[in-house]
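The chains carry the letters A, B, C and D, assigned in the order they are written, with residues numbered from 1 in each.
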Amino acid sequence: MSGSSYGNIFRITTWGESHGKGIGVVVDGCPAGLSLCEADIQQYLDRRKPGQSKFTTQRNEADSVQILSGTFEGKTTGTPISMVVLNTNQRSHDYSEIASYYRPGHADYCFDEKYGFRDYRGGGRSSGRETIGRTAGGAVAARLLKEMGITFLTYSRSIGPVTIEESRFDANAIWDNKLYMPDAAAAEEASSYLEDCMKNRNSCGGVIECQVKGLPVGLGDPVFEKLDANLAKAILSIGAVKGFEIGDGFAAAHSTGLTNNDAFFMKDGHIEKKTNHSGGTLGGMSDGSTLIFRAAVKPTPSIASPQETVNQSGEDIEISIKGRHDPIIVPRAVVVVESMAAITILDALLSNMTARLDRVVDFYKKEN
Amino acid sequence: MSGSSYGNIFRITTWGESHGKGIGVVVDGCPAGLSLCEADIQQYLDRRKPGQSKFTTQRNEADSVQILSGTFEGKTTGTPISMVVLNTNQRSHDYSEIASYYRPGHADYCFDEKYGFRDYRGGGRSSGRETIGRTAGGAVAARLLKEMGITFLTYSRSIGPVTIEESRFDANAIWDNKLYMPDAAAAEEASSYLEDCMKNRNSCGGVIECQVKGLPVGLGDPVFEKLDANLAKAILSIGAVKGFEIGDGFAAAHSTGLTNNDAFFMKDGHIEKKTNHSGGTLGGMSDGSTLIFRAAVKPTPSIASPQETVNQSGEDIEISIKGRHDPIIVPRAVVVVESMAAITILDALLSNMTARLDRVVDFYKKEN
Amino acid sequence: MSGSSYGNIFRITTWGESHGKGIGVVVDGCPAGLSLCEADIQQYLDRRKPGQSKFTTQRNEADSVQILSGTFEGKTTGTPISMVVLNTNQRSHDYSEIASYYRPGHADYCFDEKYGFRDYRGGGRSSGRETIGRTAGGAVAARLLKEMGITFLTYSRSIGPVTIEESRFDANAIWDNKLYMPDAAAAEEASSYLEDCMKNRNSCGGVIECQVKGLPVGLGDPVFEKLDANLAKAILSIGAVKGFEIGDGFAAAHSTGLTNNDAFFMKDGHIEKKTNHSGGTLGGMSDGSTLIFRAAVKPTPSIASPQETVNQSGEDIEISIKGRHDPIIVPRAVVVVESMAAITILDALLSNMTARLDRVVDFYKKEN
Amino acid sequence: MSGSSYGNIFRITTWGESHGKGIGVVVDGCPAGLSLCEADIQQYLDRRKPGQSKFTTQRNEADSVQILSGTFEGKTTGTPISMVVLNTNQRSHDYSEIASYYRPGHADYCFDEKYGFRDYRGGGRSSGRETIGRTAGGAVAARLLKEMGITFLTYSRSIGPVTIEESRFDANAIWDNKLYMPDAAAAEEASSYLEDCMKNRNSCGGVIECQVKGLPVGLGDPVFEKLDANLAKAILSIGAVKGFEIGDGFAAAHSTGLTNNDAFFMKDGHIEKKTNHSGGTLGGMSDGSTLIFRAAVKPTPSIASPQETVNQSGEDIEISIKGRHDPIIVPRAVVVVESMAAITILDALLSNMTARLDRVVDFYKKEN
């Protein structure tokens, strides 16, 4: 099945493996007339590129993006935007060992069963480098949404056992620490924790939170194409994500109707909500308040500590994974979460334009 | 956007409103040759029909299903299976009140903004009755999967503050209590809690858990069509679901690689895992162990207690919602979760058949 | 594969067999606010219903449509519109003979090979009655397009060897003869030819032509989603259609650039074309002139004359097909062609709304 | 709308403009294990590359393809195959003239209306170079189909007024003349005609015919996903194609049931047809005989003779198009038609694997 495309109207198709010639994405369905240059994309890619801190792989990749099509004189033309990042630092070391066994927590075994064999170099298609394509596509979506007043705030909410304190929440702090946490004290504590992790040849996970402001009411559709349902798919499609919740999420399951319902009230002639337990959607449609959701990210499965597993000859063995592995992927995954959210929201926004006949009629009257 | 279809190869398209003529589904892409009769579907619908206990709406609907097409001499023919449940107990009471305001926690406001107006009778398309179509479609999928040795165990894990105890887990108990809990003691405790809820004109939420056994390795695709990503969408597309997690889910975010990785080992010549923190998928593909995931369900938003809201004239008002409302929807939603999972898994299973050239070649050689 | 849906944003899903309980369609993605009642649909269905003339099957079906969902107080709500026509005149005669062999020119043999068996009663899913769902869906699309000033003129261009004369073209005549020909003299000649056909227990084919006026410029997309490409699929998906051409079509293949190019010129401040060899599209997009295309329809394969074939036991046999068969399906297929065109065009029109960023921005500015 | 993808299970996504950095395609859903190297692709691309004869543009492009992803050790891995052809010979001449007016027979005007502006250099996305991506994708599909015994024979049937004679049909001749005609005498006659065309600064069209042998029975689905319907879309999506017919096509419209029906008979224990008026499909499914269809290609719209048109300032003007234009595109489009057919057929073949439950069950039994 052709599973490398995401989105309906605004659609990305990604390609590439960790140690192939490059990684890329084709963005199709982008409205014509958006100012777009390589720097717009690079800014997003830089948020996920390796080597930003001691907690990220030291693979030395500039991850420089080229736009190969779809723009003319600095603007999108409505035709597909092809973007590519060439792989320049694939180490040519011997992969014969990793080729022979199945790493715990990785997709190696499933790949072999599904496809009969696998590109084992650096994880192949299941490498974190696969997210380069998503991020480049998300950069285009976010760029367009910004033109419409829709903005994102995405950050690490938890790193291992360390969670930010609401009282210390500081959006500016996100850019001041390598962990993208909106709480300087928590970031410091998390750094210490990560150093211990590395010493112990262990790894950890965390929680990413994303807030989206400026959404019009009514994005998303009432049944299968609920905005939150599509966000859930988008987020779970990122490797290592094991959970998704919107608004109060799992806490809502233990709440009551009286507490969990958000009361509507009038403010300056507009309808608003007194609280936001719903997280910005009702019945699958955006409700005009801030969209807020969380992604649970599992610990990096590649660890240097000894682990039990089996090899392709069907023998029980013990292994220690070598190589350049992040003790945590959360900080680099922040921009990936934002990218997938941006694509999902833009797609819903474009889709929503056909919901009402009066607006369709008006659109074409105006045009002609 | 045409948002009432779900699935790619095996696809359901649902229709119908709470107080329209009926609710239905068209199941397309079902392989030919499956034994199927109305009783197979009815058995699933009966698990979600109203009036099963004092905790469910007393709307008196038999919810009897008719198969209108797609079967011949008791077997599916490969053509679309149309199924319908006629609405017979829509109360003809006056809806002018509910029409005039926006119920907190409901989609009323979003519908009006998105579509310009809404069918306000009983929630219209956003009614829980919408899930009849999903359940009928899920019954077909589950029926087919059973032929392939794939089985489901779905139940209420939490009702409000009451969660089942692993040590008391008893699959048979699920069918012995009206709350579909696999723990008789917890079910009793939860019943008391629900009675209090009703007395207080309040409502509560809960957590549904689903286990799937018998999956071959390799279902799901490595990037956007991950099995868990599609399950997340399927489950979040059910009204009132606010969170999804697979395996250890959010707990994995606070774990470490050493703990969270599942070691592979050989057992009777097959590869198995010593633990199942992953919940049955690796890299988005089924890994041969039990698939296990959870859905967080919010409290029923329709409560009899007074609530603040606004009306369509833009005035702040106080309301009390009348009518027949479940204090909790979790027990009736159990079969809906199972249905959406069955459709998702069957779709992945059919999609997976084209993954390997040798198997494709073999398939056609054999056929001719 | 789920092959019973057509369209992306405006999408129909059809179901039903000739001798099952009924035939139906679910229309999803219809913008909210369209006035729609059963009479709007019935008017279209009446153009294809049996018993209109001596040249159509005498099966006595009223083909009365019911709308089961998707409208409220006479308007579409944006939710799926389910429509059904119950089968009331399935003859209960013995089908054991037809079940045993493969009718030439029919899909019987392919069905058995593909699905393992078939619903042989009256052609099952491959019956002409399958087009009821398309026609009901097309009626909705055409109703909406009319609101936007887009209108259709569809008619029989050829019946067997008889083709209309351009010089006698009279749009009003279409409704004055049972063959839907815009040329009274040709209709009379064709009637005589058909009577001969019937006497000879033979059948014939013909050509249907469709003109669409009022299209804005730019519908359709430049590469795979060309407007003419989608029309070609829509039209070839109608049973018995063997060819499609737009504008000069096959004649253009024998023309030259100097003749075939349509010169642009200014008229009243607008761009127009001096000729319309292109048939209303350039580069896959509507060009503002009348869209004109043709469908080649093969002769009805069910004929009473003796024919050679094989039976399911693998024996060569001779058969004569009994029953109520049209000597030509062209007149009844006219409205089916129009319906498929309407759905295709509406889908392109809705899709086109997201082509330009300035219009997207403007749409949302206005809305809020 | 994201209109640059084609196919469901086996899907291509193309990108690139005539004078951008390159042209490419991402092939997704290709089964793992297919031997594939750049030479396999290049062989196809060479059949459409410029400069093959005096009748093709003299733009000097090697059109060398690179595979950037999706293969490992010479075999496809099941992940997306990204292929690119860099543009190396874009002439840097001044496009200000062509930018200012609308060429007759081209998409310039429609682009401006739809997207607000256009990449006017060499036709931008509507250039014939867009077909490079299709051809590279088609090469992969054809390569795989060959492994299954499915082969293509595609050729020019007519060039302008010159049509091949059935009695002189010689498949080997196709490769012996630059016009890809299976009739040496016709090819010679056509060459003379083309030389006259060029002298007259005119152009012409033609008809391409494609035969496919070795198809199993039952490919394609009975309603909207008919094999012939999808072929029609695939072929009409190629720029300059104005008509499609399968089997007897438009001639069938003037035939009778007695003549047009193909009688079945037994041959060596298999069912065959005595004739093939249907062109290899019945009811939208392959019927086991040779698939045969035709595409009508219009004359190249770019001609050196003076033409009337309008400019962007809304003035009537006269123009003469300069530059390197083929007097006919038919010979180079032959491989594009074959490519689109291969993709369509492979997609139908993969889709067909899920049609029967017994085969699905058997597939998974065998696998485990």
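Just so it is clear, contacts are C-beta pairs under 8 Å (C-beta built on N, C-alpha and C of every residue); 3 or more make two chains touch, one makes a residue touch a chain.
No experiment lies behind these values; they were computed from the predicted model shown.
**Student:** I want to compare two interfaces, B-C and A-C. Which one has more contacting C-beta pairs?
**Tutor:** Comparing B-C with A-C, the pair joined by more C-beta contacts is B-C.
**Student:** Going by average Cα coordinates, which chain is farthest removed from chain B?
**Tutor:** D
**Student:** Could you grab the centroid distance between chain C and chain D? Build each centroid from C-alpha atoms only and quote it in angstrom.
**Tutor:** The answer is 26 Å.
**Student:** Measuring centre to centre with CA averages, how many angstrom lie between chain A and chain C?
**Tutor:** 44
**Student:** Distance-wise, how many Å sit between the C-alpha centres of chain B and chain C, to the nearest whole number?
**Tutor:** The computed centroid separation for chain B versus chain C comes out at 38 Å.
**Student:** When you check chain B against every other chain, which residues touch at least two of them?
**Tutor:** 1, 3-5, 8-9, 14, 29, 32-33, 78-79, 114-116, 125, 222, 351, 354-356, 358
**Student:** Spell out the residues on chain A that touch chain D in their complex, using ranges where they run on.
**Tutor:** The contact residues of chain A facing chain D are 1-5, 7-11, 13-17, 20-24, 26, 28-29, 32-33, 66, 68-70, 72, 75, 77-82, 84, 114-119, 124-125.
**Student:** Could you list, by residue number, the parts of chain A that touch chain B in their complex?
**Tutor:** 1, 3-6, 8, 14, 102, 104-107, 109-111, 113-116, 125-126, 130, 158, 160-161, 197, 200, 202-207, 217-218, 221-226, 228-237, 239, 242-250, 252-266, 269, 271, 274, 278-279, 282-288, 296-303, 305, 307-310, 314-316, 351-352, 354-356, 358
**Student:** Spell out the part of chain C that touches chain A in their complex, as residue ranges.
**Tutor:** 8-9, 29, 31-34, 76, 78-79, 144, 147-148, 216, 222, 349-351, 353-364, 366-368
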